[in-house]
Amino acid sequence: MTASETIGIGVIGAGLISAYHLAGLSAAGGAEVRVLAARTSARAGPMAQRFGVPEVATDWRAVLERPDIDAVLIATPDSTHEEIAVAAARAGKAILLQKPMAMTVSQCRRIIAAAREAGVDLQVSWMHRHFEEVVRTQELLASDKLGPVHHVRIRNATAGPHEPWFFDSTQVAGGVVMQLGVHGIDLARHLFGDIETVAATTATLQRERRFPSGASVASDLEDEALATYRFAGGALGSHEMSFNEAAGTDRFRLEIYCADATLLLRTTRGALAIHAPRLFGGRGWFMPELPARPFGERQHARWLDILRGRIPSDRSAEDALAGQMAAEAIYRAAESRREERPRAAGAEARQGTDEGA
Amino acid sequence: MTASETIGIGVIGAGLISAYHLAGLSAAGGAEVRVLAARTSARAGPMAQRFGVPEVATDWRAVLERPDIDAVLIATPDSTHEEIAVAAARAGKAILLQKPMAMTVSQCRRIIAAAREAGVDLQVSWMHRHFEEVVRTQELLASDKLGPVHHVRIRNATAGPHEPWFFDSTQVAGGVVMQLGVHGIDLARHLFGDIETVAATTATLQRERRFPSGASVASDLEDEALATYRFAGGALGSHEMSFNEAAGTDRFRLEIYCADATLLLRTTRGALAIHAPRLFGGRGWFMPELPARPFGERQHARWLDILRGRIPSDRSAEDALAGQMAAEAIYRAAESRREERPRAAGAEARQGTDEGA
Amino acid sequence: MTASETIGIGVIGAGLISAYHLAGLSAAGGAEVRVLAARTSARAGPMAQRFGVPEVATDWRAVLERPDIDAVLIATPDSTHEEIAVAAARAGKAILLQKPMAMTVSQCRRIIAAAREAGVDLQVSWMHRHFEEVVRTQELLASDKLGPVHHVRIRNATAGPHEPWFFDSTQVAGGVVMQLGVHGIDLARHLFGDIETVAATTATLQRERRFPSGASVASDLEDEALATYRFAGGALGSHEMSFNEAAGTDRFRLEIYCADATLLLRTTRGALAIHAPRLFGGRGWFMPELPARPFGERQHARWLDILRGRIPSDRSAEDALAGQMAAEAIYRAAESRREERPRAAGAEARQGTDEGA
Amino acid sequence: MTASETIGIGVIGAGLISAYHLAGLSAAGGAEVRVLAARTSARAGPMAQRFGVPEVATDWRAVLERPDIDAVLIATPDSTHEEIAVAAARAGKAILLQKPMAMTVSQCRRIIAAAREAGVDLQVSWMHRHFEEVVRTQELLASDKLGPVHHVRIRNATAGPHEPWFFDSTQVAGGVVMQLGVHGIDLARHLFGDIETVAATTATLQRERRFPSGASVASDLEDEALATYRFAGGALGSHEMSFNEAAGTDRFRLEIYCADATLLLRTTRGALAIHAPRLFGGRGWFMPELPARPFGERQHARWLDILRGRIPSDRSAEDALAGQMAAEAIYRAAESRREERPRAAGAEARQGTDEGA
């Protein structure tokens, strides 16, 4: 497609997160969502109507066959990612894949390989990266005014998902680590670089969950986890993940303690509070007014710019693979009760032990 | 002494923390500090004058010999605690001992044994326990309105001490873990019960420190640490300790995530913010107005009440021993890179291997 | 129309505020905006497309002639309100009229009379009344836990409108008092009852305004005003109005000091902070979690419920008349430099001096 | 006295405010309070002991006779100020006089005249001027980064004094305007210059007051007031004064709206929050870390520096006279229900109508 052409998009999946992407694409402009696929038209219909999508499909393959679709957004349960993404790549469609990328490191590798082979652009959706306070933080860290990062505290916490499939281990890559923690892992890697070692502990505090609908589900998936990281750059990190929070966290909290500065994100001081005497000429807290853009607009405008070739592709898929390795290291560390290295999983995977190939 | 008598106090040590205790005793009323001992009268004099202490001494033994001294406050470097405290116990003086209790678990045991043998009351000073927001939190946790505690986050952080002896490993029990972290450990045990396992990582980020005076000191003591706990009651805990903070923490931050409530202490929401729908009839944050008492008054009034027999003695010394075990477990875990149990040190100690007895 | 029927709506005006109403109607559901009228199709077209309105018109009369239109939203410059609203009433359309209601008290009276005569429902849009924090405040004031209201402080402030017509005295009823201050007047009357006396001072601080577009406009309309009120119920009120604010106010700030309670709305404590010991069992601030409904949804759902006869009509038009009287009293008081009564204008009007009746 | 000599001070009055001055003098250092006078030694004794004042007196004249007293602090009820201050001046003592300066503008004039004649330094104690956030605000206003001041909002509010004499109109110059409001008036004049016109309304909301002691008092003095100002520099000001506040204000709140900046003092954003894009390179709020000095230290150190001739004398007494004029204008405006000028009282006074001279 050319830089000015309208991009034809197909959306596969009609859960809550599809609404985020559809609203973001609408706000970004320059793309047309031409078809929305879900398992049943009862699911696809209402969302298509809400966002003005002209057609629905109940088989995702139908989306891939359409020549007027340049790119697909895949927002289905984790267990289906590999099959759909590999097929989309082979059909020549650019891909935006919802996190977590897949069930295992090996699946992630296969998706990346398929996209590379087909020459299609592959992105994994890390929405937190595109929040205004995160973008500003990245700029601040790139300045030389903060000094080296000493300690990072991340908290990812909610009261837990309200859809039963999130607690079905055949459909998901894991519990709170894979569903929520991977956001924090990606944010940490995005801002602070590679994670060298991981120590962790996990717990299942609610073995039975009741939903507002009245339905309930039993699950052994971890719903509480605590990981600590040593970053290659020298910083230490603590990372709390919870599906049991009563109140306090809006998606994430992030505290960054540097030699000469402290940054607090999404705490009770607001979206971003900066203590950086070398920036502001004195000690104190500065809370910048951040741009008020529609939710999701920045992320999707960037994706469309990548698709049009206006900016280079993001490394979000490679980062998703590295994040998956870190997440798997959390599970291993919680089991072994000792420090683990994210790389180990990759080594194992490279030997093909779980690839069956 | 009888319940109404004025209590005669001797203070040993003239550092910053002695000023805290002298102000607290003055605010509490009912005691007379009769002598202040320090290594030199140049150190003792100004502080004695500031707080109206009538006499100074340059040998702490002179304090113990006075019959008009009922109780001593020991606020000298860690390495001297055992000798002074044991001598004070044998001289029949009640003791308030500054934290950390001593250099090692074994020293702690010997101090406790000496006090028990002499029949004198022994307290270790955990000032954070007596902060109004902590007292209120303890009451809230004792109610049945919060549900079980799931996760606890503690941060103890400052820019580091300004007195060189804090970085001299012959005088102190350890770096930031022993000087600052023991506060958080005690607070955690005080509020949430025994710590079963510890995982940890430590670092020395500033190997040379410059003080405002212009002096500098080299030290290998850890100045940054990160520990995670599993409490016997089932909660997980993360504990950051830092002597490298630019800004953000006033002594400590504490976040308590319960099944039905969240409590934030000393964060940007103020001293205490409580989300507890079962207490307040709805979702939201309540920030109680806490009593405005002079700093240190509550702790010292309580101590004097213990000395007068008005209330039972606190278990602060036994807790200090348990906290020392947890702190030593942090060091072992940072070394072994795996989970350790605080009890291990006790087991070893009980076998007498480092007690020489 | 029956209670379950879809309500056909016509929107007249395509400025910023129309977008608020269109989004609110869409969120509320149950109504169809069937036509959008603006002076030019260049103005009407983009907004119609954005909100999926199927038809546009360049003459508002065309809207009134359509039988499929049950109700009209009038969001045009103040000087056109009387003509359009009276015509709409005569055409039998229910009316939602943007504030300020009209240019003068007399015009307001004529609009009310026309609606009454035609038997159509007439509402003036006071969006602030429907904010969640205001609804909650109204409930709290209705309880007996706050004690009588002593003092009310209102601030309405922005950096000023970005559309030149707001500064053209032939098109608008006044400056910041009429454009922004009437919101605070209505909020005050809505929550605290009738205003008995008004003292005021006004100023024009920026006699020339430059807009982001590069255009500029000269105007003598007041852009800063300060009024004080005595409420019939005994409370005192201070009311700041500004089109010159650099930062600090998001539409409004409201502080309510009662005998036994204090309420702060839209301050730096968040949307609503309540100190009310008789409600919460102790001194402190409670910040309730308020429902997160789409912006404008509550107001428009209520309007549609009124139109369907599900709830009684609001007195928003009569209140707009009373608010207009208060606003005119501000102008008179600023001129006379003494206290004035809002009723005076009414008295004058009742004598028919400017009514031609 | 020479610049290095210890200054001998006598304190007259033993109420709450004397404790503020005694603590401030102690923190400032370099002065000795040698005698404390109060009506009874039962009042003088405990305060003298608390602050280590060696002697007490029950007749203030005894203080003025002592040659070792260089300066007196007068902190007695308003009705006694003129007599004591004039006598002190004649005795050659420098004077720090508690606010309000006296009962009337005429009394203020006579005190100033007496001090001038005797050649002694005369200060009126405006403690708010010396708060760190006020000092910083003054510096910011003096920079050229904020633009002209448009609007100022001041609130002075407490739950009311706990000593009955504050409600006895024979002993005090007035109610909340004179006791609390004069602080705000002085702060306003200190920061923003002369007040040109005043409009006001006052009320007595609690005609009977009960104190924690169980005693009660009836009073017609105003306990609620609302004034608006036009400053000579063009700014508008609103000023709330209350002795009926449940919660919300710690002595004062101050909001300053400038053309290019907004400053909030002692609001829920902390002691000082600054929005000033030209200072910080962008929109946002900066909350400076202010020096943590003991309460009262700055004011008293400054006073002692004036007494030693190290810095020029402050105009605090002339400002007190001007403030008294503004306060009296508030009473007149509340009576006349129209704008009044502070100068009028002066004009009247200059005609000698109430001076008997």
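All chains are identified by letter, namely A, B, C and D, in their written order; residue positions are counted from 1 within each chain.
Rule of thumb we're sticking to: a residue touches a chain if its C-beta (ideal position, glycine included) is under 8 Å from a C-beta of that chain, and two chains touch if they have at least 3 such contacts.
What you see is a predicted model, and the numbers here were worked out from it, not measured in a lab.
K.L.:
Chains still linked by touching once chain C is gone?
P.N.:
one piece
K.L.:
Sort the other chains by how far their Cα centres are from that of chain C and give me the top one.
P.N.:
B
K.L.:
For chain B versus chain C, which are copies of one sequence, does the interface use mostly the same residue numbers on each side, meaning over half shared, or is it different?
P.N.:
same
K.L.:
Could you tell me the distance, in whole angstrom, between the mean C-alpha positions of chain B and chain C?
P.N.:
So the centre of chain B lies 58 Å away from the centre of chain C.
K.L.:
Please tell me the distance, in whole Å, between the geometric centres of chain A and chain B computed from their C-alpha atoms.
P.N.:
So the centroids are 42 Å from each other.
K.L.:
When the C-alpha atoms of chain B and chain D are each averaged to a single point, how far apart are the two points in Å?
P.N.:
Comparing mean C-alpha positions, chain D is 42 Å from chain B.
K.L.:
Of all the residues in chain C, which ones touch at least 2 other chains?
P.N.:
In chain C, 247, 283, 285, 289 touch at least two other chains.
K.L.:
List the residues on chain C that touch chain D in their complex, please.
P.N.:
147, 150-151, 153, 155, 157, 197, 199, 201, 203, 205, 224, 226, 228, 230, 234, 236-238, 240, 242, 244-248, 255, 257-262, 264, 267-269, 273, 275, 277, 283, 285, 336-339
K.L.:
Would you mind writing out the residues of chain B in touch with chain C in their complex?
P.N.:
My answer: residues 280, 282-289.
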